[in-house]
């Protein structure tokens, strides 16, 4: 029941703090016989890595992953795969002034009240740095799902602050620092971020993630519904404040005659459900949307208190992302992959490969 | 790893189907020595019960709960508390026509593909009826949390379809069939529902839930953050398509200078966080919002396919809620209570009762 | 993490007390599509039932099981299977005198210290009656394993007190009240028990259980080794004080040249391992042996204390088995079946149906 | 549900293989605020370390532990504690000849059948080397239990092959290579081992472990009884074939009038129960006994088969313990500490610190 373990059959146990010696994870339950090396994991880590553009934190770490176990002669053995990432750029002096005070919007206060002490270096375990092992584990899940089922995971930014980013061309996603599926809007996003940084402020973002080629039948009736587990995974990412599946909050004002996706011999006629009905995958795209709050660490001074309960003012000088949402895309993909992977194994455990009397209904285009 | 078990230390295992002999749950991990009888549980079940107004399903069942174990001479003994609710009104003839077809928006198709067979009577396990045991278990958690910490749980409807319901007066909630905290709007809601029912259609809703008096320090850094577990619980309720904590999706367009809640000696100056920072409770109100999709069972015919993959048209004649959101309020309260209860015990396990050097900061008013 | 749940994928949650309204369990994770009715479960319950001979407790209960959920038209649906057994013969007056005192060898003292209160009626939850739901759940596991893999489970008594019972003929097991695989010894066992009952005393027993036709490859390298989980299951049966796998304690004095089972093209040459190597099944018989302590409830007065810590003397007058080991055989079979079932599903989750390049090595005769 | 994770609230996730880059574990759930450094862990690792006498494997590794996370300024923070031990002496050439054959008594065959492939270097994950992280995690548990409750853990060897080792003087345990509580017998044990090594054979052993100062009330009624979890932990140690609690297999021939431990105002009058009644600790010593099989790797040639199923003969030349039982003592202590620790936290979660109306009954001397 380890709180730091994600998943029930594809179990990822995460460890580390922002400025400790190392961070990493242990993946237990990976099927044996899959080719795996660091080269399968590093690309996703590089997508999440800080210091890749002027719009993200300038902390500069290679985030080089080392596989410590579970792989023999290039193949997974079925035993735990431990992944290690050494912390190399730990300028803890940057954080000295926050030891005694609680930064608004941060976990300083809650960690201190929970544990009676806290590691103030770079936010300790509450740092977004802890998402690096999630991304690493997600890369392993992605690989297996792709090889076994052809499943793919694609995320992008759909809004930066008040700017909506129309979904136009997914091939653009890796070509700009915002993971925007839209080349035309990048200049505007750059200008927006520059102004924000100049103002010493930060802003939120909205991220979309899709899984395509998801097998039908994944998820439990309750409580471990596929969508419930997706919500758990997504809300567990740092700074996420909202999660939607399919039509999401728009479904509040929809009529049943509109929302319910009709079935045709060629597949579903729409996907308001977002790929899940009754907690179980339909085989359509999984459609997930996340709200990410603005970075809490901003240069502008904010009122706070110290450990004695006295009023004080907090200013933060460290290297921070002015929009944590920018680097959230590979994280959201990874977490979605972990959920699908876990349910793929759960399904196999209980149902094996159920034979059905009719041809599978083809999933069709997203909403 | 039972998918039908909710919680890690206050574990609720749910069983049953809409038209089987009985539904119920087993609660394992309840602290010993708490006074408990059916009278503590029945009121919440009655709030969720069908047939209480013309706006909800006319299925008429008393949903009488029986405690089968775990209580001796009126006190919990610390051993599993089994709760049983017999199904009494099972008009399965109503559902005969759907055995061979898949109702759009329902779990018919996914259950069939997952398991290779399904119980078509009243939706089987995918029925909203399965929320009754959740409500029963939630009542036990609410009682313990209230006695131990003074925690309370309050939910209401904040939107019915396109009608926003302003939060005005919580004492009104039990006085109208919509759980609306607003007496003035009830007539309009009644008219709206009557028109909808006449049209044979259904609509979505938005529900708010608040927990007040939540201890500080509940939740794990990752992955079992308090907000992640809330999202899991809420998205696991039938028909929920979106979950927000605190500012939710509004935080996308917020600046960090606005979103981060300042701390003062008297407490937090705002609650955009919704009572959770870094996955751990701040002691402020937990602020949770849910999007509930429109009922999938509507009288209007919808295109679908049968098990042979041939096109057909589905009409549903059973007794259904035209807005499943109406009865969702006590369910959302119950699930929130189960999450808080579980984390209260988890906190006690790891941290005991941590003594802190300053007076607790008073939680203040919600956003 | 419910303490009352057994298994990770085939999860059995047990509830009830000896003299409460009912006992039972919820099985979550059973594969769908298996034919199942009460008639598949009742025979094993009848084997465990009290009152079947003069050598076991005279409490007389039919232990009639009712399936409450998870079965539709005679087939498992993949959703939780709730099993209910009403308590019908609850002479709680028999137990009134023990409310204030702690019976030696019983859980009275530990329950009271743990929970601060206890249900004294018939031992409450510590009663051997709680093994009835285990037997019921085990019957479901046995059926699936037999249909899927041809696995069978056979238990017998191998020692009653100081009398060893040679393993001669397993067809005799159901023909005598001792589950003895040996017709010639029954008369001696009857006389032994009669003398014991006359003396108001009780005695221990040794039980053997075998699983045959176990698939190769079940079990995790660590910590959830197949043998570790068997030990957990067996030591969790009431009154068990020791567990052996294969050669067990005899292996202490063995040489490696003798203990290690040689492999031949036709199978293993011996089975000192008891069917498990490195925590993983070999495909040979699982060989398990249990030590069961003498019943603690005896007529002879014993020194004890009361809740005030004052000395007192305890006499027990209820209806008790003079040898709890007699009825332990079906319980041990059931628990072994639950372990194998759980690992069969775990194996399928991670490894699917691994194809191996050589013909499977035939398991051969037991030690 | 990770098979490689031990414990429910004090969760230890183990990773690594004998000849991979590193082994280690992640401890999640450790209470915050405890002083902890490598110096608290290393001594137990050194007790388990190979190469310390001529009677154990000559593999020479320092087994230096590094704390990677979860400790800040010398105190546990409540977040996961990752422990890393680099493998330094990996002479894998020693093992080349076993890639294609299955060593009798080893896990070669079962790993290969389970996973379809295996890491043959030093036994891979089935190596006794994997107990080093268990010992490291156990040291953390021991420290917390000692500080919180004064609990101590002591193990010793009680039989080496057919030689019984009388329990005389526990201060002798660290003074001889056998963990024998008896100075007078050491010379005989040395001679016995020398002869065995000369003969190229191996032998089993019997280990005793005791926990003293265990709080009353630890353990769940079922299935996670304290003794069931102890059995799981002990049987999960490499080479263990039998586990006893208290009187163990001797209870088979005992009478109830003898076995049931009487209670007196000064404590229990005996401890046949071994410190557990009804699955819950009595506050007396936990009395645990293990049977350890002879090392499977012996120099004498043994018949086996290769992967093609053809007969072959296996000779092992690596560096092996002629009695794996010798180094098992610190491992058994560690696993017992992990079980007690986990249940101490579980108890606190559910029951807090129950106040009882009478003075605690003093535990008294062991059997």
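Residue numbering begins at 1 within each chain, and the chains themselves are lettered A, B, C and D in the order written.
As a working rule, a residue touches a chain if its C-beta (ideal position, glycine included) is under 8 Å from a C-beta of that chain, and two chains touch if they have at least 3 such contacts.
Per UniProt, the chains are A, B, C, D = Chorismate synthase.
Being a predicted model, the structure only gives us computed values, none of them experimental.
Listed options A-B, B-C or A-C contain a single repeat of the A-D interface, assigned here to B-C, on the basis that more than half of the contact pairs agree by residue number. Comparing the CA-atom centres of all chains against that of chain C (Chorismate synthase), the greatest distance is found for A. If you average the CA atoms of chain C (Chorismate synthase) and of chain D (Chorismate synthase), the two centres end up 26 Å from each other. Averaged C-alpha coordinates give centres for chain B (Chorismate synthase) and chain C (Chorismate synthase) that are 39 Å from one another. Centre to centre, using the average C-alpha position, chain B (Chorismate synthase) and chain D (Chorismate synthase) are separated by 45 Å.
Taken residue by residue, chain B (Chorismate synthase) touches two or more other chains at 1, 3-5, 8-9, 14, 29, 32, 78-79, 114-116, 125, 221, 346, 351, 354, whereas all remaining positions touch fewer.
Against chain A (Chorismate synthase), in their complex, chain D (Chorismate synthase) makes its touches with residues 1-5, 8-9, 11, 13-17, 20-24, 26, 28-29, 32-33, 66-70, 72, 75, 77-82, 84, 114-119, 121, 124-125. In the complex of the two chains, the chain B (Chorismate synthase) residues touching chain A (Chorismate synthase) come out as 1, 3-6, 8-9, 14, 102-107, 109-116, 125-126, 130, 159, 161-162, 201-206, 216-225, 227-236, 241-265, 269, 272-274, 276-283, 291-298, 300, 302-305, 307-311, 346-347, 351, 354-359, 361. Residues of chain B (Chorismate synthase) that touch chain D (Chorismate synthase) in their complex: 1, 9, 29-32, 78-79, 221, 345-346, 348-352, 354.
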